[in-house]
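Following: one structure in structure tokens, then a few remarks.
We just call them A, B, C and D in the order they show up, numbering each chain from 1.
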Amino acid sequence: MDFNLSEDRRMLSDTLRRYLTEQYDIETRNKAAYEAPFYVPEKYIEMADLGVIGAFVTEDQGGFGGQGFDITTVFEELGRAICPEPMLASLMSVRLLADLGQDAMVEDIIGGSKRPALAVFEPEAGERLADITASFANGKLTGRKSVVYGAPNADVILVAARADGKIGLYLTETAETIDYAMIDGGGAAEVILDNTAAVCLAEDSEAALEAAFDAGRLALCAEAVGAMDVLLAMTVDFMKQRQQFGRPIAVFQALQHRVVDMAIEIEQCRSITVLAASHLASDQRAKYVAMAKNLIGRTSVKLSEEVIQLHGGIGMTWEYPGAHYAKRLTMIDHQLGDALIQLHKVMHAA
Amino acid sequence: MDLQFTKEEEDFRDEVKAFLRDNLPKDIQRKVRNNTPLDKADYENWHAIMQSRNWLGMTWPVEHGGPGWNNYQRHIVGEETALAYAPRLVAFGVAMLGPVLLKFGTEEQKADILPGILDGIDWWCQGYSEPGAGSDLASLKTRAVRDGDDYIINGQKTWTTLGQYANKIFCLVRTDAAAKAQEGISFILVDLDTPGIEMRPIKLIEGGHEVNEVFFTDVRVPVSNLVGKENEGWTIAKYLLTHERTNIAGTGFAIRDLAALKALAAKTIRNGKPLIEDPLFAKEIAETEIDLEAIRITNLRVLSESETGAASGYESSMLKIKGTVIVQRLNSLTRQALGAAAAPFPAEKLPANALTVPEDAAAAAAAYFNNRKLSIFGGSNEIQRNIIAKDLFRG
Amino acid sequence: MDFNLSEDRRMLSDTLRRYLTEQYDIETRNKAAYEAPFYVPEKYIEMADLGVIGAFVTEDQGGFGGQGFDITTVFEELGRAICPEPMLASLMSVRLLADLGQDAMVEDIIGGSKRPALAVFEPEAGERLADITASFANGKLTGRKSVVYGAPNADVILVAARADGKIGLYLTETAETIDYAMIDGGGAAEVILDNTAAVCLAEDSEAALEAAFDAGRLALCAEAVGAMDVLLAMTVDFMKQRQQFGRPIAVFQALQHRVVDMAIEIEQCRSITVLAASHLASDQRAKYVAMAKNLIGRTSVKLSEEVIQLHGGIGMTWEYPGAHYAKRLTMIDHQLGDALIQLHKVMHAA
Amino acid sequence: MDLQFTKEEEDFRDEVKAFLRDNLPKDIQRKVRNNTPLDKADYENWHAIMQSRNWLGMTWPVEHGGPGWNNYQRHIVGEETALAYAPRLVAFGVAMLGPVLLKFGTEEQKADILPGILDGIDWWCQGYSEPGAGSDLASLKTRAVRDGDDYIINGQKTWTTLGQYANKIFCLVRTDAAAKAQEGISFILVDLDTPGIEMRPIKLIEGGHEVNEVFFTDVRVPVSNLVGKENEGWTIAKYLLTHERTNIAGTGFAIRDLAALKALAAKTIRNGKPLIEDPLFAKEIAETEIDLEAIRITNLRVLSESETGAASGYESSMLKIKGTVIVQRLNSLTRQALGAAAAPFPAEKLPANALTVPEDAAAAAAAYFNNRKLSIFGGSNEIQRNIIAKDLFRG
């Protein structure tokens, strides 16, 4: 049994942390997160150069990672900086493309010269593949995709669409998008498919899409753990400095115990994320990823609420970095299925 | 035991409903429903409409231009205005300074200031909190030093809500630096046009501008602007804090938001069926509804007691804590109900055709974050727990 | 609007409180609660003389109450003393009998000379009338009833049983019982019906039984509120006296805040019980009673756990009265459908 | 990163399983499964069986008759014995006094006392808490006054678990009344046959007898019974409190109880269908299972760290809090699952034909109440939170 990162992952983790510390302080982050294209293209390429995207796929596929722990290593660091670069989109897309043997495109994506997004879910429907109505026929896509992460400024968009009753994967470079910042920063878009030219990558991609989403969910869990660690430390620091009634509020036992309960839950989140990462390639993947995303969702929302409350008004301000961590942690629960959806999966897996 | 309103009270409720139906401007109502921030004109417009029936000064006696309502009537108005998606009244003049002047002000101050609150000439804001004095308000440091017939004020106030629209501010200032914490504080009125005042916006977590910092540098204010006696301002602050506030539990907002949540959950598809049919989500709604039914009765119990005696600090603290918890839980469930669609920011700037998120729920996440303030301001829920604990464990 | 008890109810409340204070101290209570017949027959009759049972039915029916607030008035006082007398059985039974015009028996029950129990639910089935399998034919009952409150030593047992597809109400004086104390005190029994002679009181009693159970649920809510009030006061007193680290533990803020949260919830329980009482005769009865029993169940279990924890080891001892209040409050949730069952009703009523 | 046990560890697990299958007496197993209290002979029997393989002294080195296991092996044994419904070992001799003597005892004490623990001649109990010294253990008042070669002990201990079966007790006593709280305390061994000792049962909330009060009146104990130095007993107490306790999170019990709960909920009919199909109950089970999966990994993480360094107080406090919360939640759900049938008391005295409550769940309510102790004893969860807070907010 060994809970330490391998040498390679430790190096990637250190490099990435140093890069983000130097290049992505909170002011830079907030500017990037809310101004179109909602990330910094040069920084995206620099991060690709550091090997961030290569870590998402295996050596066979042209990368140097691809395991659960590679993903968690990268995303925990991204979470520590609440980095808005669209790595979630890149992760899910590059793994799909790599599995389909799109070696040339995978190489471009790993290098950062091409950036992909993945458009699956639709307005007026739940987040289930079964609810997809977008369709592909005669080389054209028709339909509407909503909340497509990383779509602003993306070079290619992978689209899940129906043809002959199956849900396949299609690639377009010409889809119209309505771009917006997300409330917690970073970009997403509505994707409008109106006889949009596309090529078919695979005719039946349901299983592959589920696997890609589970990799995305695992990434979100790790991102949350990184953000929670930092937010807890910020809160502790704040409480040691903030004076009320002639004493630092860190001495008030009622507040201390609440912070302790959060600290314990963060360790629980770290553990369940490790467990899910270890199962990313097993036949228990779906269950353990759902468990992890459920616990992360429960904890991250509660943590955010507690942290804002413990800071008082200061935790409510845009100027205070912790507020952005709290927002990100809350909104993570909205991505790729919230705690409730994951809990249903666990209940049905049992 | 009788939980019913009287016939007279029910008639009054009908009158309020009719008034709101006929007079609440549709554009303002829509903004409130959609969590779109109101602008200055919206507030002024709504105050003027309420004042057209003499309903603005809710707690004021008739002789000063108020409606002379009892607790139940104020409760009914609070509930019905919330249900109708009318704006909250801007409390600082009407519900705070007004009652303070009526109790502590000189006749001259009443005559000078009260009319301006009702007729909309003056927009008051509040200068209480400071960067180092939040929950521990009595540690405030802004100083007012006597100089002839003036005070000279130096210091900084913060969390000044809607200060950007105000022309006046009432402040707690320290007039005796030597006195113990609560004893050297005075309550003073300041014209925001006075030289030396600078107001700066504070951007909130969800991106909105509703609070401000106010900086005072050698601001000269006549001594006659003092309300009550010098160094007795804490008495006034406490009066306001424990003053019976009809609407503190916010049950009207909760009832309204629960209905909206149910409607949203009924039209939101999740896992292939309406979200409201998901037992795990339905459980959250049902538990919240039960909590709400209970606080509604608790609120009426307190109202009924305070019609005979005064409501204690214990009771308003209890209503504050439980009321904010319920509203915040509803905000959270509404945010959750949107799923991935809660993401866009700022929701109101998106093209109308951009997303199939119901217009009235598009800003749900922003509203959720903004309403975290409910358990912080006006005495955080932790401070309220301390107040109750003091009472519970006394003796 | 008026939240004060009427003069008559105030008198009953005062009389009963005085009686229980004088006659039912905790040692008396514990002895009665755990030694067969698990109550004190003389005291039962004394309480009947005070008007306790008369309060359960209307003047027309020979009593002097019968409204929701009459029930809550009595049971709140019983709860303050965690009195094990089998009043819950008497309440449900006498209301059923009164509605069926069994005037003579009602008179005996009100006077205390006859004591009834109500046997409805069965082992190996849920607590739904639909699951009843006991049957009546040719003047005989057959089946098994479980956890029949107040059955030990009862003079008559009302039995819900099937005949011709309907659930009717039958009366027997000769059923065999297996008696036991309940873990929180008071008696219950397994009732064995093996061609047991019985008379038919009504052939179709489903609606009447639901109404009787709702009256019972309301009673349990009020009992819980009474017990919670006393338990909170005991806890506050304990915390003011118990010294640790050189100070009374009442000064520790983390503990204070937990007590405050309980105190608030108790007020919420009182309010929802008042609301349910006001609806006992309305067409919204089932919904509001379910709401009340749900909130009571959620709160009473949580309160019991918190109180034991706040007392440390002392709260775990038989000798400490608070422990018995905590047990009673926990087990109240097990009677007549727990918080989860009630929540389902609320969800379906919405 | 590797979450798997090694081949050797898995082989060891199989060996433990086989041992339990072949050696755990069925009657004892049944009592444990049914939450029936074990009697003295049951414990002695089980200790002897474990000792037949030299497995009793779990943490002891081989040269003193222990198995010489590492952390993982102890973890595996803890988990497998729990899953098999084996009794908990009586910790006071094996897991507490033994390690204390190994670290602080003289060679003579080791030679005299350790064998008696393993061979079952001595049953030790613990004299730590006092009526006025629970969470605040250092405020203990029981005094030991030197008189020649003896100490004379006066005072009262409480919460002495299974003291009714013991013939020996180790105590914390105050040997220097003038010293500050923690400094005048010593660790001493006392024979319960010594004149002046009286043990009285404490009946617990659910009716059981497992703890006792012990009264000391002029009890004369030789100075040679002191372990460690006079007035340095607090060091020993702290060593035991922060000493790495493999089983502190109780994950084995939780895994076992979760499986039993699922089986119970599958055969319990509620609202016309198996309770496990009720989404609201299934939610509780699923959330608890997720929490359990997480603590299981947290536990392994801590184990893995403590194989290289020492586990901090922070970590064992965390495992204690979360572990007890999970076990208690499972107890609570099991109690809930029984519905009305949870009522009978004491469950084991009912005739076998009395109730259709599964035999193994009949005492579920009693077990629930009894296990409220888990978050109280061995340092309450509040004390554990204080320990973690001290670490978190240090500096």
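What we mean here is this: a contact is a pair of C-beta atoms (placed from the backbone, for glycine too) under 8 Å apart; a residue touches a chain by one contact, two chains touch by 3 or more.
On a predicted model such as this, the values are computed, not experimentally measured, just so you know.
S.K.: Let me check something: if the centre of a chain is the mean of its CA atoms, which chain is farthest from chain B?
M.R.: D
S.K.: State the pair with the higher C-beta contact count; candidates are B-C and C-D.
M.R.: Taking the two pairs in turn, the one with more contacts turns out to be C-D.
S.K.: Please tell me the distance, in whole Å, between the geometric centres of chain A and chain D computed from their C-alpha atoms.
M.R.: Distance between chain centres, rounded to whole Å: 42 Å.
S.K.: Distance between chain C and chain D based on Cα centroids, please, to the nearest Å.
M.R.: For chain C versus chain D, the centre distance works out to 37 Å.
S.K.: I'd like to verify one number: the distance from the centre of chain B to the centre of chain D, where each centre is the average of its C-alpha atoms, in whole angstrom.
M.R.: One centre to the other, that is 53 Å.
S.K.: Give the residues of chain D touching no fewer than two other chains, as numbers and ranges.
M.R.: 279-280, 283, 382, 385
S.K.: Multi-chain contacts in chain C: which residues touch at least two other chains?
M.R.: Counting only residues that touch two or more other chains, chain C contributes 253-254, 256-257, 343.
S.K.: Under the touch definition given earlier, write down the residues of chain D that touch chain B in their complex.
M.R.: My answer: residues 279-280, 283.
S.K.: Inside the complex, what are the residues of chain A that reach chain B?
M.R.: Contact set of chain A toward chain B: 34, 121, 123-128, 130-131, 144, 146-147, 178, 180-184, 188, 190, 243-246, 254-255, 301, 305, 308-309, 312-313, 315-319, 323, 326-327, 330-331, 333-336, 338, 340-341, 343-344.
S.K.: Can you list the chain D residues touching chain C in their complex?
M.R.: 129, 132, 134-136, 139, 158-159, 202-207, 211, 269-272, 278, 280-281, 328, 332, 335-336, 338-346, 349-351, 354-357, 365-366, 368-369, 372-373, 375-377, 380-382, 385
S.K.: In their complex, what parts of chain C are in touch with chain B?
M.R.: 1-6, 9, 69, 236, 239-240, 250, 253, 256-257, 259-261, 263-264, 267-272, 274-275, 277-278, 288, 291, 294-295, 298, 343, 346-347, 350
S.K.: Could you please specify the touching residues of chain B with respect to chain C in the complex?
M.R.: 1-6, 72, 262, 279, 282-283, 285-287, 289-291, 293-298, 300-301, 303-305, 318, 321-322, 382, 385-386, 388-389, 392-393
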